[in-house]
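Shared between the two complexes below is subunit A, which has subunit B as its partner in the first and subunit C in the second.
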Partner chain A sequence: MKNIVKEIESKFSNHDDFFIEEELVDKTAIYLIGFNTLVDLPKSKLYVQQMAASSTSLKVLLTNLSDQINVDTAQIIKSVLEGKLVIVSKDDEENAVIDPIAQNLSSSIEEPKNESPIQSSTDAFGEDININVGMIRKSLNTERLCHCSYQVGELEKRKLSMLYVKGRAPNDLIEKVNQQLNQIKSDIETIDDLNKQFGQRRLSPVSHLFATELPVQAIHSLKKNRIVLFLDNCPFALVFPHLVWDMLSSVNDRNFPFVLSFMLRLFRVIGVVATLILPALYVALVSVNPEVFKTDLALFVLKSREGIPLSAFLETIAMVVLVDLILEAIVRLPKSVGPAITMVGGVILGQAVVEAKLVSNLLVIVITAIVIASSAVIGMQNSLYIRLLKYPILILASLFGILGVFTGFIFTIIYLASLTSNDIPYLTFRIEQKGDTK
Partner chain B sequence: MTQRIQIGAVFIIIHLSFGYLVYPNLVYVLTKTAHWEVVMCQCFLELVLIWIYMKGLNYFPENDVIDIFLKMGRWAVIMFLTPFVIHLIALVALNIRLHTEVIISIFLPRTPYWSIMALLFFISVYTAIKGLGTILRSSIFIFLIVFPLVLFNIFSSFINFDLNNVTLGWNSPPKFLLNKNFCYLLGFSSFLFLGFMTSKTKLTFRPFFIAWVSVTLFFLSVVYIPLYIFGQEPVVVMTHPFMEAMDSIDISWFSFNRQPLFFGLSLIGLVILANAVILWMIGRIMQKMLKCSKGESSYWIIAFSVIAFIFALFIPNKTLMEKWFLYSTGAQAYLMIIIPCTIFIYGFLSKRGVVGNEKK
Partner chain C sequence: MKKNKRYKLLIVFMSIILLCGCWDIKDINKRTIPLVLGISKEDGKEYKLTLQIPIPNKDSKISRIVTGKGETIASVLGQMRTNSEDAVDYSQIRLIVIQNNLAHNQQEFKGLIKFLMDSEEIPSRALVAITDENVENVLSNINDKLGVHASSIYDYFNKGAGWAPEIFSTPIWEVYRSPFLYTRDIAVPVVRSGKDTVLIFEGSDILKKGKIVERISPDEYQLINVFQNENKKGKGKIESLGFASIMITNSSIQNITSMKGNQPLVSSDLNLKIHILERKEGITDHMIQKELEKITEKRFYHILKQTQRSHTDIFGFGQQFHHLISYHELKDWRNEYYPKLRVDFEVHANME
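And then the complex of A and B:
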């Protein structure tokens, strides 16, 4: 055994899945090197032997197997880590990096889990980055679709792909994103890690990236002058930049006639507004400004709160927090327990809370309405941030009544209007600027 | 194109904000009949001034008012814009105080006014610091929220109309033009902000004409609604005729008791954005005048807004405030004539000068 093999062996001495197999090919001994968790060894061996049978010499065999011949040690180590099979001849003179028959580690194309498209194809992105890019290429076969790939990270080199349509996405945006992706120093584990690279938005609930599972949606975004990023092992297309319109419209809406899709979008807008202001409006109208109602209506509202010991603000905040807790808990629960908990949470708790006179009937209606309304928007992430933004308005409402509701709402709009990613404002409906086709 | 729509929305919002409260009172003082004549005169005068202003600004593409004054020389900036800044600070303070007074009387009679002023100030300052882009983008959304409220106010008041209260007449000769109150009235049309937004987009006259028409219609409705409901004599003595006109309306099928609620809501949106624009203008002037970076201009905005806040806090009573507000609009009227004319004349002269230089 010569130098290279020894060096590699010592490098991987504390990896139990590392193998060095000696094999006789054409009366010369060769070493097969790799990870058996990434390489299907028996099948790969068979493949090499079959190839060897039809080759006259070792040199011919290696040329037949691969085009990466006689590389240096560093390259060999890198290839081993990437799941390649390395062949080194015993006399250490020749080596080759070949693509082995790999262990099947990725799942096939499945149906979407987080989105449920209606009247649309039900493919969803998987975990393998190449399959994902392939899915886009298959449906958008134009030579203007450009693909830049990156390897980022400090500890692990993670694959990252940027896709855009030349002539659609603005050139300076592509350049900036390219720069930002090249500058990544730390490991990218989650979408939020990647998000940070596009500018600090630490305290902001709105992400720079919009995650979608559906190839249709990703292709639509590409056509609408945006950039799509793929991260290895992340079953989402990350659309950059994230715009407010993503929350309200999906491309599948347009499978219906225009009037119906308009109606759907209108309902989503109503959903957003209702989630933001309904609980606040309840607090404002019940505790601070009851006089704005007509007398009989005001009396009805007050009557529904008769005998309730909590103040309107406490009552509302308790219910809103409780509901958000339930929503969060249901996500974590195993599928078999979920329905039971939903029943206990919804039916028993709701009934009990009203009968114990802890909260008013009216509030239960309001809370149910906002829970449903907050899910009308597209994207889990968007629904979550809308749910978060209702709290500041609620607090303002408890202090200033209707004035607080309105200022809170306007402040939310101003806050959203102030967000930009790479100079593209969040509150635009589409990116008008186009890039050059050159 | 989008930006022009946004600037148009800001234009309308600022006019609405100033127009809602004091505008009707000033018109009622000026004349007893033919109020529309006053409104139209004021609006036409404004249109002429806007035209002059835009013509002047278009001599210098991609420059705003401050750049143009800087071209004239540092003395010009100090001479023209320092009084303007002082005037703007006073305007912010008086504007917010006046609006807060009305908002309190509608929503929260028992809440101390400093807390509401602080709330509104905070949002305005935040918007101003975030810059022009934020102001313009949020203006569209605020416009979309407030405009239906304004329309609702106007249309719901029809049920209380008594057409015998006013007959449309004709005043000739228009004596009110010589009254000093007309000067105050002119001060309500604040279009000077247009000159600060020109660095990115070139302004064209046509979209503003549409904005101007809608503002004129709004002014007419604001003046005539209280007139049709109450008549000329009671209206003159009222402090806020439009609000009281709203208060008199009672729609039986509607679940809300008090109509001024919607008036108050629209005022909130309007005053926040109007003040944000003014504070942003102050920040812009200080930034260019003292050549500081963008971050530093936000310190100026905060500093001046604190001054304005303290000023607004210490205005002792309402009558004094309204008096000062009138003086401030007088100053506004003065600046509104001076600044556009100066820019126009300078632009005209320098264009000739440029042609002369090229020949050499």
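And then the complex of A and C:
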């Protein structure tokens, strides 16, 4: 055994899944090197042997197997880590990096988990970046679809792909994103890590990237002059930049006639506005500005709140927090107990809270309405950030009443309008500027 | 720089909490919400205020009557606030009933309306009504009626177009405005407590420059309503002609104004669409139409003569002469022009 093999062996001495197998091919001994957690060894061996049977010499075999022949040690170590199979001849003179038959580690194409498209194909992106890019290429077969890939990270090298349609996505945007991706120094573990590379938005609830599971949606975004990023092992297409319209419209809407899709979008807008201002409006009207009510309504509200010990603000904040807690908890529940807990949480708690006269009937109606309304928007993260933004408005409402509700609402809009990603404002509806086709 | 920014934010948040005055906010269930305010003056000296406050319970059909006396209205309102269990929120007051002895005292009535208008708490859109009875009786009458809602007095004035075209509502701001108008006078409804219903509508008092000059009957007022508010067209009014009764389903009016020397002229056409409800035998459509036209015209000329005598332009005819008479001369509309006004009033009744 010569130098290279020894060196590699010592390098991986504390990896139990590392293997060095000796094999006789054409009366010459070779070493097969790799990780058996990444390489399906028996099948790969068989494959090498079959190839060897039709090759006259070792050299021919290696040429047949791979085009990466006689690389240096560092390259070999890197290839081993990437899950490749390395063949080194016993006399250490020849080596080759070959693509083995890999262990099946990623799930196949499944149905989307976080989105439920209506009247659409039910494919969802999976974990493998190549499959994801493939899914896009399959449906968008034009030579103008460009693909740039990157290896980023400090500890691990993670694969990152950028897709855009040449002539659609603005050139300077592509250039900037390209620069930002090349500059990544730290590890990219989550979407948020990637998000940070596009500019400082640490305290902002709105992400630069819109994550979608649906190839249809990603392709639509590409056609609408945007960039789609894929991260290895991340089953989402990350659309850059994220615009407000993503929250309100999905490409699947247009499977319905225009009037219906318009209606759907209108309802989403209503859902957003209702989530933002309904609880605040309740507090403002009940505790600060009851004179706004018409007489009958004032009497009705008065009646429904009779004997409730908590002030309107405390009552509302308690219920809103409780509901957000429940929503968060339900996500983490195992599927087997989920429905039971939901029933107890929703029905019994709602009933009990009202009967105990802790909160008013009216508030329960308001809370139910906003919980449902907040889910009308597209994308889980959008729904979450809308739910977050209602809190400041609620606090302002408890201090300033109706005035607070509307100032809060206006300030929310001003805040959203101030967000930009690479000079594209968040509140634009579409990116008009087009790139060159050159 | 960054630290500085943080301090600035802190100051902004502190001032939000300190400046908002949020410590005295009362939830709606901790407030007492009076709906009707009755004002009278006893022995010409002390003001007596009566509040009708609904008691919130399951069907909210009960209300209580709270009274207070004092030298000025503001002091009584304050005193009631002191004595009340909850915070009294006057912002829901919808109706202000004024006893006639107070209403007929021009000076005091003017002062009262000015106070109500200036008061920040009492909404200026609250309606005004006058009663000949004791105010307290009118308000307490609500509780004696079976199954009547606490807000019934307010509902009484808000039946909606077509259900009772004779009744109209006059908010505080219109009463307040009326002394400043040169060319139009307004009317305030007069009510009294009913035997079986909460209120009975008695007609309306006509206010001229803040002074009550005369009272007109509900029938007459409907005609005035047609002239004053073209949107309230007096639909659904049922007229009895002796030999037939008809319902007016629609009405529209067209006025053409002109000046002949110094005499203002109005030719006015009232179109009525009618629907015959019942008739005696042998009565033709034509007879009914003619009779209705005659009755309405007669009624109109009667009021016109009456108001011309008292120099009170209740129809608001002066409003239509704004482009014909200069502003300075309009000041004398009531005294100079209105008594000379000639109106060619023609009614055209049409079958539906």
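As a convention for this text, the second predicted complex is superposed on the first by the 438 of 438 C-alpha atoms of A that agree within 3 Å, B and C clash if a C-alpha of one lies under 4 Å from a C-alpha of the other, contacts with A are read in each partner's own complex, and residues count from 1 in each chain.
Just so it is clear, a contact is a pair of C-beta atoms (placed from the backbone, for glycine too) under 8 Å apart; a residue touches a chain by one contact, two chains touch by 3 or more.
All values derive from a computational prediction rather than experimental measurement.
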Touched partner set for A:I365, first subunit B, second subunit C, both or neither: neither
Which of subunit B and subunit C A:T407 touches, first, second, both or neither: first
Partner chain in contact with A:E432 - subunit B first, subunit C second, else both or neither: first
Contacts of A:T295 with subunit B and subunit C, given as first, second, both or neither: both
First, second, both or neither for A:I341, with subunit B first and subunit C second: neither
Subunit A residues touched - subunit C or subunit B, whichever exceeds: B
Which superposed partner A:S418 touches (first subunit B, second subunit C, both, neither): first
Touching partner for A:A352 - first (subunit B), second (subunit C), both, neither: neither
Which of subunit B and subunit C A:M263 touches, first, second, both or neither: neither
Which superposed partner A:S311 touches (first subunit B, second subunit C, both, neither): second
Overlapping contact positions on subunit A, where the subunit C interface meets the subunit B interface: 288, 291, 293, 295, 298, 399-400
Subunit A residues touching subunit B - in the complex, by the definition given at the top: 288-289, 291-295, 297-298, 396, 399-404, 406-407, 409-411, 413-414, 417-418, 420, 425, 427-428, 432
Subunit C to subunit A touching residues, read off their complex: 16-17, 20, 22, 25-29, 31, 33, 35, 54, 56-58, 60, 89, 91-92, 94, 123, 150-151, 154
Footprint of subunit C on subunit A - complex, ascending: 285-288, 290-291, 293, 295-296, 298-299, 301-303, 305-308, 311-312, 398-400
Subunit A contact footprint on subunit B (complex, rising order): 2, 103, 107-108, 111, 115-116, 119-120, 123, 126-127, 130-131, 133-134, 137-138, 141-142, 145, 254-258, 261, 264-265, 268-269, 272
